[in-house]
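Following are the structures in question.
Both complexes below contain chain A, partnered by chain B and then by chain C.
Right after this comes the complex of A and B.
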């Protein structure tokens, strides 16, 4: 997984690319989120457009990101959730806790 | 009698020669070292003794009665050898403990030579006082000059008379002085030895001390004591004692050079020393043999024949080389090719070390070998520590704390660039601000031996100065360089071995864990006339994060669970085991499915971090009314295939378990009928991938199950697993795969 990030209207946008599979990916995302929190950026959108695939560990990374932000009075929203990841979130019913939007703009607006 | 004399002469010459060679080798080996110079000097004067004695033996018969031998120049030159005694005293002041370095006026030490130089001058210049006295005689009454000269000449006469008096008793006087010197030297040496703690040095000094002390003691008995107490010792006893003293004294020094690295003389010098000794012995034997043969021939022919002598020399010349070779080899085998020769050390080291895998034992063996081979005082190890992923100076007897070395330490990086052993002094560019440098200084390190395999630095050895006080010479450094390669091999072997042991232990533990996990799975699936259940769980590793369970609830109700913990291997297995235990206890206390799942979720959220979770499908089958109540906590939807070929997914329930506190679960009910089939699975099946990264997926599963729904559950499971393996041939499988299949055999027909 590669991880880019940028800012839009004061909201931090994370752009993971490739497969989210745990191991080093977990630390990468975790460290990035903690950096945001330290800088006071507690509203984060994860743009899933370029995520090819995600296993259960990858799912755990997202869940942990969400709880970390919420514990710090923040929020994590998802954008461009499609295909397999959509069905993964549906099956696990995580769709009930993650707010998912069709585009980054919509996600940013929702804050 | 004449022949005996010539043998004695030859023996004296040989010993004198060997001692001279010893002196030369020692000085040549290390001219810059004071101990070597002084030992060389001492042995040089010791060598003069037998050489002058031998020359005296030759000259003696040619001396006429008019000029007695005792007064000849040659005879008096013999006194030069007595300089041995002050040089012996000087030696004792530096070996085994250096007392000279602390002197305020170092030149004062030469004063101990003064009495003997005076003695030599006395016997050489004033050996005929009458002549000197005659020269000093001044004629009377020759004016003013004589007035001055007269009293001067009286004074001079007085002095000369004093000298001649001294001369008449010089032998006993200087015997006393020599005896005093010997006593003083032995005293210094013994006191010095008491201060040595290093075992090797003690052995080395013991041989030298006893050898030289016995030799000088013998000399004292044969020459000095008779002189002082005025008694005669027979000539032949004197000769025997002199030879014994030479053998013991010279032998002791030679032995400790060859065997104990006394004076740190290099291997080549030690070898040539062995060659000289073997040649000396051979020449001595030859002379004895010639003497015996001469006697026999003389008594046989009644006269001497030159031809026999020439034949003898020819035979000797032919035999000398091969015999000397053999003797030389023997001496080398006995003395030189031992633990002080580095080729031997290498051999010994590789034989000994290759079978040791215990790292501590290995290090102590390396240390011992270095100490005995090089007389190193101490060896410190710095090795890469796998646990902390840093280099560390390991604890030793005198520095008990392990010191982790910063990976950016300048000196460490300098050592990383070394290809061969280097004196720490040479690394001074790397030492500013280096904590490693300070630690090494504390340990009095003199030499760094890098341990490097083809790619990286395993660590290094820090060697202190040699116990003998010598610096490392080129030969030592060459040897250490060769040795470091061997050390790298054995250290790497030991590490690999330790790793494989650790892996073996882990494997054993995993096998045990696997067994425990298998034991936790139901031994058999429940079945009755009206239904059949089959189940299978295939972990991708030895143990896995999937499980299934059947719990009889009484009253004809059977609970069934299929679950999948996030992740794989041991962490997943631990989570699964916890859930399994909770399910057993929760189903015993609760009848409401939603409550059971909510409770379990609460416990897991409390006890694990949020990225650890479990997806779980829980169902209860009531045999009486064939009703199936279930809740799906984020698990892959089980597929319910009806007898008519329609199918539905059992998705009702709630979020996966363990991630969010306070989750709510809802139960749902489906009625089952004859030939209905419920297919439950984990994502190992649905997420199997073929070579183009296409997933097996829910669609394929539904198709397969629909097509094969008439098969008995056991065969259906076999079939779909085979189909999956055809699709995804990854070995070991990507993920744990678990299947549970419930089939209704008999029951309410569809209404």
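Right after this comes the complex of A and C.
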């Protein structure tokens, strides 16, 4: 997995790319999310467009980020959730936990 | 054991998640050789990485001296994959339902639930003190 990030209208955007399966990849995503929180960036969008698939490790990292942000009066939202990830979110009922948008622009505007 | 070893349809890795990419790469090559389509390759890879993560963390307790072995085969129109560890045995029945409302925000505990959802069959063979083998089956 590769990980890019940038800011749009004051919102931190994370762009993971590839597969999120555990190990060093997962640590990268976890650390970046928590670096945002430490820097006071409490509104985060994770752009899932280029995530091929993820397993429960990836889901756990998103939950961890969401919980930590909410505990700090922030929020984590998802954008461009693809078919494979969408079905995982549905199977695990996490679709009821995350706010998901069709584009990064829509997610940013929703804050 | 310091690095993955591949013999035929079997890969063995030390108990470190650093080697998950090696498992994924090996598995994808074998599955494509069996003619498995992209969507099913992803479902199987998600499932195998779940079981391998459990084998590394819960089975072998991340002891790099212990191996996790993954064997892939195709039989009667189905792909069978057996993942074995060298730990003390893992009880899948001890895992709480991750879709219970009280557990939805937990960061862990979804792996086996996801595997059961994506695969056609999941069989645990728990040998106390001699490791756990999990065989997953996906019909093609």
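The rule is simple: the second predicted complex is superposed on the first by the 111 of 111 C-alpha atoms of A that agree within 3 Å, B and C clash if a C-alpha of one lies under 4 Å from a C-alpha of the other, contacts with A are read in each partner's own complex, and residues count from 1 in each chain.
FYI, a residue touches a chain if its C-beta (ideal position, glycine included) is under 8 Å from a C-beta of that chain, and two chains touch if they have at least 3 such contacts.
What you see is a predicted model, and the numbers here were worked out from it, not measured in a lab.
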Chain A residues touched by each partner, larger count belonging to chain B or chain C: C
Which superposed partner A:59 touches (first chain B, second chain C, both, neither): both
Which superposed partner A:94 touches (first chain B, second chain C, both, neither): both
Partner chain in contact with A:23 - chain B first, chain C second, else both or neither: second
Partner chain(s) touched by A:37 [first = chain B, second = chain C, both, neither]: neither
First (chain B), second (chain C), both or neither touched by A:13: neither
Those residues of chain A which chain B touches in one complex and chain C touches in the other: 22, 26, 53, 55-57, 59-61, 63-64, 67, 84, 91-94, 96-97
Complex contacts: residues of chain C adjacent to chain A: 16-21, 24, 39, 42, 45-46, 49-50, 53, 98-99, 104-111, 113-114, 117-118
Chain C-facing residues of chain A, complex: 19, 21-26, 52-57, 59-61, 63-64, 67, 84, 88, 91-94, 96-97
Of all residues in chain A, those that touch chain B in their complex: 22, 26, 53, 55-57, 59-61, 63-64, 66-67, 84, 91-94, 96-97
Chain B to chain A touching residues, read off their complex: 564, 566-567, 609-613, 615, 633-637, 651, 653-656, 659-660, 683, 687, 693, 695, 735
